[in-house]
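Chain lettering (A, B, C, D and E) follows the sequence in which the chains are written, and residue indices restart at 1 in each chain.
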């Protein structure tokens, strides 16, 4: 199994604040990698670095390299738009567009140049079904997405992301607002997706990490304390801090 | 028909504008192949447009200063009487030009000083440079000799003068004869009441010219239009438009 | 890479629109300066700005009373108009029943479409006589102009700030109300600060309208080029000076009117610098927060 | 003062103040619009709307002026809107906080304060004479578009800046280009503010006199081509009113103009309201 | 133990959509009540009805009664501001003000008329500590709250709410963005608070419900299927659907 993403000596600063410190990690292709760690340790910042979403934050500064398929994504030659087409993302706070539910999911297809109405409709339906929200919204596809419940919005955002089939999918706590059943459905989706896609998921739920991921990285205070195969990391962690964290004895 | 259509554009004085429009309307009826447009802007625009050639005919409502007149051919197409007006509630009906002068110079400040019922006079004048004020200054104030009192209210149009005088029992102003209505009272000056007749025959002194200006001597259709304007037919229309024709 | 070309093209096009605004400004400024500079040269800048007499017929070109007039009228109009407009926009955005808002908002916007001349005549026929009866004098006054301008800037300031208030995310409002804040506390401490950039833009545009307004002001100020003793005295604004005499001005007089424009321009710049300084100091980010 | 009051009482006071200012504004609206309609409506009838003026407008109607107004305003808005919104997009999304941005912003604010008469004279010198467009619809409309530009620009800029960052991120993360994001997410979300700017700019263009006095010509006939002179409503009523030609007809013209503008603002606002309700789900 | 809130025949509509149907429930005083149920079933809508937050949504309509201390909170005589002072709320989506961290927490105190700077500072510190975020933010109290991580924002919002000590605290998934350790700390906080306050908490985490609450209500499609003592509801639910849901066999 090859690595699709390699992060080398990554350091991230917001102005003077040193948020990520000497991050080195390899993300295997067509597999699920989980990122765990206490709130505020830098998980979101890290995955937002992988699709260059942090570029939008004026005070963002980085050192080090992020290689996708061997190419540094921060190279000036890289087309950020192409990068983001390859690397999709579900945000921590659900952020649907102020458009209808249908348009939210169709949006990505349209901007990727899909014009065939039939195809768009099919893909929208398929994505909404995969994100386990179809039944709840199928009768109000033309209603605004802003009128959905928190969990519905979160699933809509998942549908929106998978509709355009990116190679890598970054998910920042995709199940945080979901009940156990929806969560199971999303996990099933992840299992299905991992055959063809690379998935990086941030989660606070250790069980979820063990259930869905092959690899796990444990973040603490902006550093990766430990990373490796999930089964190993959760059963016999090398670092004391990892052990403390996963057993809930931390802090 | 448009291929041999000829255009004349007229621009300048807003006082002349309605007269010119009426002339144009009648002329175009007789000459369907001529299209005349009339544009306002003020006498200064008339002078510059004529000089620059932006308009074939510039119009002005006051006599030109020497510097302005340079290179321009002037045709006076009408006269316009300037009436001294007061509020209808004012009990005066006539004044001498000397009295008007001292009022506007600020030497007389209360109506009782000149035989009216007491009330502090509110002097209303037109803006510096306007044709109306020019004529008033020249004929009442005596050229550049005496200036209108600095604290006089300045209004920039005939109607604004009318409304200002109408709304204030102590006001006095002056305005174009054509626009005087029963809302205000026109005063007899030096024993002559302003009317088309007295303006036309020159007994009423306070008046100004309406001028057509052309760059050099007019030719072609422009000349034809101006000639027509000066004809009895044209002058009848001038009269209809409320101005005083050159010949009565 | 066809897309990339699109993007570059779009950016270039947008850049051109931005630059064209600059070009327009430069064109107009250059025009004003080109026409006005000769007068400043001939009369002398200081004489022009601080001269107390304006009498073109006799060759006096001093605009100081008009500077005072413009400042006075504008200040007074802003003093009355800004609070009224902002309160009114708050009323529309936060308090007014929905149906009322739906009628009021467009009607207020329509107020921006009433010709200045009509405002002028309204002032002349209705306002000036009232002022004369109640405050004495001729009725033509700084105050009369300021009242008209208050009404004239109302639509600009009200509409733009109403939008600014209404575009504040409801989440902020909810958070405040949930803490037991009154509506007014919520407005004062959350909504208003967050909407401040929009409100300041509204005020700046309103101020522009007030300074630049001509036709209405001409009819009610009396246009006397003297420093007013009180707000009930007649004054002449710089803009009025230009509009009043432009129709007849030639030669130096014409240039002097544009020089008046230059002075006005200088004043605008100073006022804007002040306004922008406040703006900068108070700059708040809204819509921020990236997570 | 407010400090001494309890939150409860200050709420009551402010409620009264806000209602007070709202009602006061309504009072102003009724007085101004009522005044115009009261003075103007008596002369307005179908004949007034549909016939040509006679005798410089002393009698007859204002049909050519209505056409002129639409013609001139339409062109002015069509020119100013893309320039204003485009510049606003550039300033808020592309340029960062550079000198250029500050300069443009400052410049447009200055532009907003330039007296209309100066625009008029500029238009005369630039469009009419220098570009040789003559006194025409196009000269007047372009002058007006310059006047309306700053309002549209600054208002659009403010509303674009209030669009939550989260929407943009959502779009970019899907691989949308910057322009796609702006075009499909940011601008639609900023529509209410942008329309306000356009309406204010348009209203300004529709009512302006001084700027067209020197540029549009004053022809009493219906303009056919863009290069024909025209006489929009405000100019017509200005001439009627100031030269004492016919005050009643001037008010009639004003009433028609006010009704036209009211119609436009009400329709636009209703559409925007519906649109926002659909988008935001409330 | 008395009931502080009694909801009688509550029906809520958003325009035509019937969101809550015939809700009847009593919330005991000085105890924790958990609300569970699948995403989109109406939990948020329900708790937002308890502090009249839904009043802000123009198309909100309700029937039935919500009694707080025996008084209908929808009675026209009721002062909504006073009501919301008594009934505090932590929202599902963290919504800090665009102000500094300190100001966010001090805000509630200031509007409640606290002027003593010292007291404000102490309360802010105490609240931030209770919400388990003090250590992370103590050095940047004057920085904007918008620059916090998702979980940090969530904890800040908790701190903001408890700073003003409302009698009833509504918490809409307060731990959704939190790691297990922070979650434990928030649960500890809830345990502490319940001695003096009434707490209603929406949660998707069954374990959390059993850990913190005395009573639980199970929502489904806008109805309360079952409610009662937590220990009973989770061990021997009366309704088949409840059982299915809590055992994860649902849907």
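Operating definition for what follows: a residue touches a chain if its C-beta (ideal position, glycine included) is under 8 Å from a C-beta of that chain, and two chains touch if they have at least 3 such contacts.
Because the structure is predicted, anything quoted here is derived from the model rather than measured.
Novice: Using only the C-alpha atoms, find the rotation that maps chain A onto chain E and quote its angle between 0 and 180 degrees, to the nearest 5.
Specialist: Here the rotation carrying chain A onto chain E measures out at 180 degrees.
Novice: Consider the two chain pairs D-E and C-E; indicate the one with the greater count of contacting C-beta pairs.
Specialist: Of the two interfaces, C-E and D-E, more C-beta pairs touch across C-E.
Novice: How big is the gap, in whole Å, between where the Cα atoms of chain B centre and where those of chain E centre?
Specialist: Those two chain centres are 80 Å apart.
Novice: Can you check how far apart chain B and chain C are, centre to centre, with Cα atoms defining each centre and the answer in Å?
Specialist: Comparing mean C-alpha positions, chain C is 35 Å from chain B.
Novice: Using CA atom averages as chain centres, what separation in Å is found between chain A and chain E?
Specialist: 28
Novice: So which stretches of chain D touch two or more other chains?
Specialist: Counting only residues that touch two or more other chains, chain D contributes 7-8, 11, 164-166, 169, 177-178, 241-242, 282.
Novice: Among the residues of chain C, which ones contact at least 2 other chains?
Specialist: Touching at least two other chains: 3, 7, 121, 181-183, 185, 243, 246, 286, 288-291.
Novice: What parts of chain E, by residue number, touch at least two of the other chains?
Specialist: Within chain E, the residues that touch at least two other chains are 58, 81, 93, 111-112, 147, 149-150.
Novice: Chain A touches which residues of chain E in the complex?
Specialist: Chain E reaches chain A through residues 14, 36-40, 44-45, 92-94, 136, 147-152, 154-155, 172-173, 176-185, 204, 206, 245, 248, 250-251.
Novice: Provide the residue numbers of chain D that touch chain B in the complex, in ascending order.
Specialist: The touching residues are 55-56, 124, 128-129, 134-135, 213-214, 217-220, 229, 239, 241-245, 247.
Novice: Given the complex with chain D, which residues does chain E contribute to the contact?
Specialist: Residue positions touching the partner: 57-59, 79, 81, 111-113.
Novice: Taking the touch rule as given, give the residues of chain A at its contact with chain D in the complex, in rising order.
Specialist: 51, 53, 56, 58, 81-82, 84-86, 88-89, 91, 93, 95-100, 107-108, 110-112, 143-147, 157, 160-161, 164, 166
Novice: Under the touch definition given earlier, write down the residues of chain D that touch chain C in their complex.
Specialist: Listed in rising order, the residues are 7-8, 10-11, 14-15, 17-19, 21-22, 24-26, 28-29, 32-33, 35-36, 82-84, 86-87, 89-91, 94-95, 100, 103-104, 106-119, 121-122, 125-126, 146, 149-151, 153-155, 157-159, 161-166, 169, 177-179, 192-193, 196-197, 199-200, 202-204, 206-210, 233-234, 237-238, 241-242, 250-251, 254, 257-258, 261-262, 265-266, 268-270, 273.
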